[in-house]
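Both of the next two complexes hold chain A, though its partner changes from chain B to chain C.
Take a look at the complex of A and B:
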């Protein structure tokens, strides 16, 4: 069931187009992330849903009711800001109860609801603390509780974790997802961190320069990117220019070295220039596993990334990364060695040049 | 590695006194013109005209009606101009910061405030006499345009309580602008948006968030304005020629030695002022700490 819907929404600031023709239907209880580089219009889109910006064109509806021009205070949409934005003159409990007191709910109900929220965000002990007495992670949990206390239709989060350090970021991200699922609330989450988007979302909208580049589940976005931009932005990706050699058999060549792909290339002609994309983890050394594409390479560099070892190889004149899981018995090649690598046909993505 | 550590250990004695070199002139200055005069003031207020120790000067502060009147008049003028200048200055600072007036206006107002807040004493008094005095040009203008003679037909008198207060306002409100503009800038846009997002109107946001957050700064600045007016001397003296007996003028009369000459009493009166100022400053710094914690 469509809960939140954006139809042909655009936003111009003077001559500049921040968001162009944005279309999205979000289901009730769905967690959707807007993912993209800085300046691509994520925040602007979120602020249009919250009512802080009015779309230049298009329509935004919640439960079918048009809210495009409604004041922010009349929308019943909860927002969590990157900078927490807690009211410094109020305690944790007062911050959480703010929206309810503004709505003139009965004091006893407010107290109950605040208790409930404090339990959800796991901060019962800090009810009477002031924001300046809390850590960043605690402040953001209060902000989440404050936004949820008013029982919003939709929860909006604008890079809520980017001011926190890595460990807390990962813990809080799981907590946010848990709370969202428990309450079954519809959520829009803005981030430029692909790992965050992949791990949290039901669906991801990848944005680029104000446009939606691709919409899909994390699985689709990661494994089947439809544009070079998405492929590059989400995860590490090897990509090189190539030439179609045999459209019928889906064979392309990088610097004369042939690869067979699972992508249907019948629409393309022999000699067409394309881009080939292969994830680093899809490569293997030939000695370990026999696959369709076996090509010569030269080892350029080896980097430890913790659980993963990233090996840089040259295939023809193109650089490729190859990831293998780290283990103490791994027999690593030496830099400068000549070797052979392989990858399955499915690993070879062919995109427009 | 070990060598660097050794070298670092050995170096502090050299740089230690060098660190203090830059502030030496300040300390010399402070000793000569702040510490020594303060000591002189304290000693003087416990000394009679024969040079002997006495409590008489301090006791006299509470016995002489003219002294109590002078303190009270100074307090009233300072409070009136602190509140008036405070409100006026706050509204001005508001309009050029969160109020959304054009940027150039803001820099113009800040520059003006920087100059005007330091414009006091004889020049200020004369500029007011030239505009609003008995023969001032604004007085004349009002008479010619509206046919009202300020000094005969109304209660207005530049050389009175309200006249002096009006003159003080000239440096009071700019000082408020200078202090409040940064404090207003410290209000985060997200607070307003969060409040709106939770259903608050603009008024509710101001009453429940912005003003409570600003209150320590507002009160603290008003205390500063109070002290600013309380210590003023030259402006009042030049404007009223001693007719309005505020405390600084009375102290001047005691120390300078005309009819009233009693330096010991003068010192005691000055010490009373120092105490009132010190109380204000303690209040100011307490409030300032509060607001810094919030606006961080």
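Take a look at the complex of A and C:
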């Protein structure tokens, strides 16, 4: 069931287009991330849903009701900011109860609801602390509790974790997802961190320069990017220009070295220029596993990344990365070695040049 | 030990300059106090203070000036808080212009301000392009003059009040706080009263105390507008008496210090409530 819907939404600042023709239907209880590089219009889109910006054109509805021009205070939309934005003059409990007291709810109900939220965000002991007495992670949890206390239709989060350090970021990420699923609340999450988007979302909207580039589940976005931009932005990706050799058999060639792809190339002609994209982890050394595409390569560089070893190889004149799991009992190749690598047909993505 | 070591590390010449500066400031003050205590020959006592405080005009002018100060503070808060708030929120490009305007009192002397006020408001206020009189000249009746002088004082206090308030708003990021409150359903009135004002109260207080200090000692506007204020009273007293003005000067020094102490106290307290992250 569609809960939140954006139809043909655009936003211009003067003659600059920050968001162009944005279309999205979000289901009740769905967690959708807006992912994209800085300045691509994620925040602007979120602020239009919150009511802090009015779309230049288009329509935004919640439960079918048009809210495009409603004041932010009338939308019942919860917002979590990167900078926490807790009221410094109020305690944790007062911050959480603020929205309820504005709604003139009975004091006893407010107290109950605040208790409930404190339990959910796991900060019962800090009810009477002031924001300055909390850590960043705790402040952001309070902000989350404050936004959820009013039982909002939609929860909006604008890079809520980017001011926190890596460990807390990952812990709080899981916590946010857990709370969202438990309450079954519809959430829109803005981030430029692909790992965050992949791990949290039901669906991801990848944005570029104000446009939606691709919408899909994390699985689709990562494994089947439809544009070079998405392929590059999400995860590490090898890509090289190639030429179609045999459209019927889906064979392409990089510098004359042939690869077989699972992508249907019947629409293309022999000699067409295309871009080939292969994830580093889809490569294997031939000695380890036998696959469809076996090509010669030369080892250029080896980088140790902890659980993963990233090996840079030359295939023809194109550089490729390949990732293998770190295994202390396996011998790594040496720089300058000639070797053979392989990857499955499915690993070979063919995109427009 | 630690402090001693640190003091010893301060270079010799720094000490000299510090002591010279302190003397420059403290010697006249000491002289004033000393002088004010010697009203009776060969006796150190508070006679000058008693005399000064006993004068009924002292109390009258002092209370009047306090009332003016209070009005000025109220008027400038009502004028400046929403202005500074709106500039932070919606009109950041207007900040330079407004800052320039608020600095004008440093450039235009009070004497020019008061002559301007007198020139304009000593004729009746009419509806433009008609002969219908709205109000008698403000300078001709008491409340009118009070309004004029408070308006003048608001201008004189502008640099201090605006700067305090604006700095206060910068330190709490009023913009995001406003948006947070809006998304929780708060109206503009609620936002200003429950979120903005409590978070800039230290700034308001320091602006208010500076305004207070300016108004209570101000002479030019008060004497040219002919109001019974404390500044002109002190000035007059100085021309006819010797000891009492010294006593009052020192008393007002103490008052200023008390005010500064209050600022420290309240800003210290608020530093806790607002906290930096």
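Note that the second predicted complex is superposed on the first by the 353 of 353 C-alpha atoms of A that agree within 3 Å, B and C clash if a C-alpha of one lies under 4 Å from a C-alpha of the other, contacts with A are read in each partner's own complex, and residues count from 1 in each chain.
Everything that follows uses one rule, which is that a contact is a pair of C-beta atoms (placed from the backbone, for glycine too) under 8 Å apart; a residue touches a chain by one contact, two chains touch by 3 or more.
Remember, it's a predicted structure, so these values are computed and weren't measured experimentally.
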When chain B and chain C are modelled together on chain A, clash or fit
clash
Could you look at A:83 and tell me whether it touches chain B, chain C, both or neither (first, second, both, neither)?
both
Partner chain in contact with A:136 - chain B first, chain C second, else both or neither:
second
With the two structures laid over each other on chain A, which partner does A:150 touch: chain B (first), chain C (second), both, or neither?
both
Shared chain A footprint, chain B vs chain C, residue numbers 50-52, 71-74, 76-79, 81, 83-89, 98-99, 102-103, 132, 143, 146-147, 150
Enumerate the contact residues on chain B facing chain A in the complex.
188, 190-191, 193-201, 204, 208-209, 212-213, 293-296
Complex interface listing, chain A residues touching chain C
50-52, 71-79, 81, 83-89, 98-99, 102-103, 130-133, 136, 139, 143, 146-147, 150
Per the touch rule, the chain C residues reaching chain A in their complex are 172-173, 176-177, 179-187, 190, 194-195, 198-199, 272-277
Sites on chain A touched by chain B in the complex
50-52, 71-74, 76-79, 81, 83-89, 98-99, 102-103, 132, 143, 146-147, 150
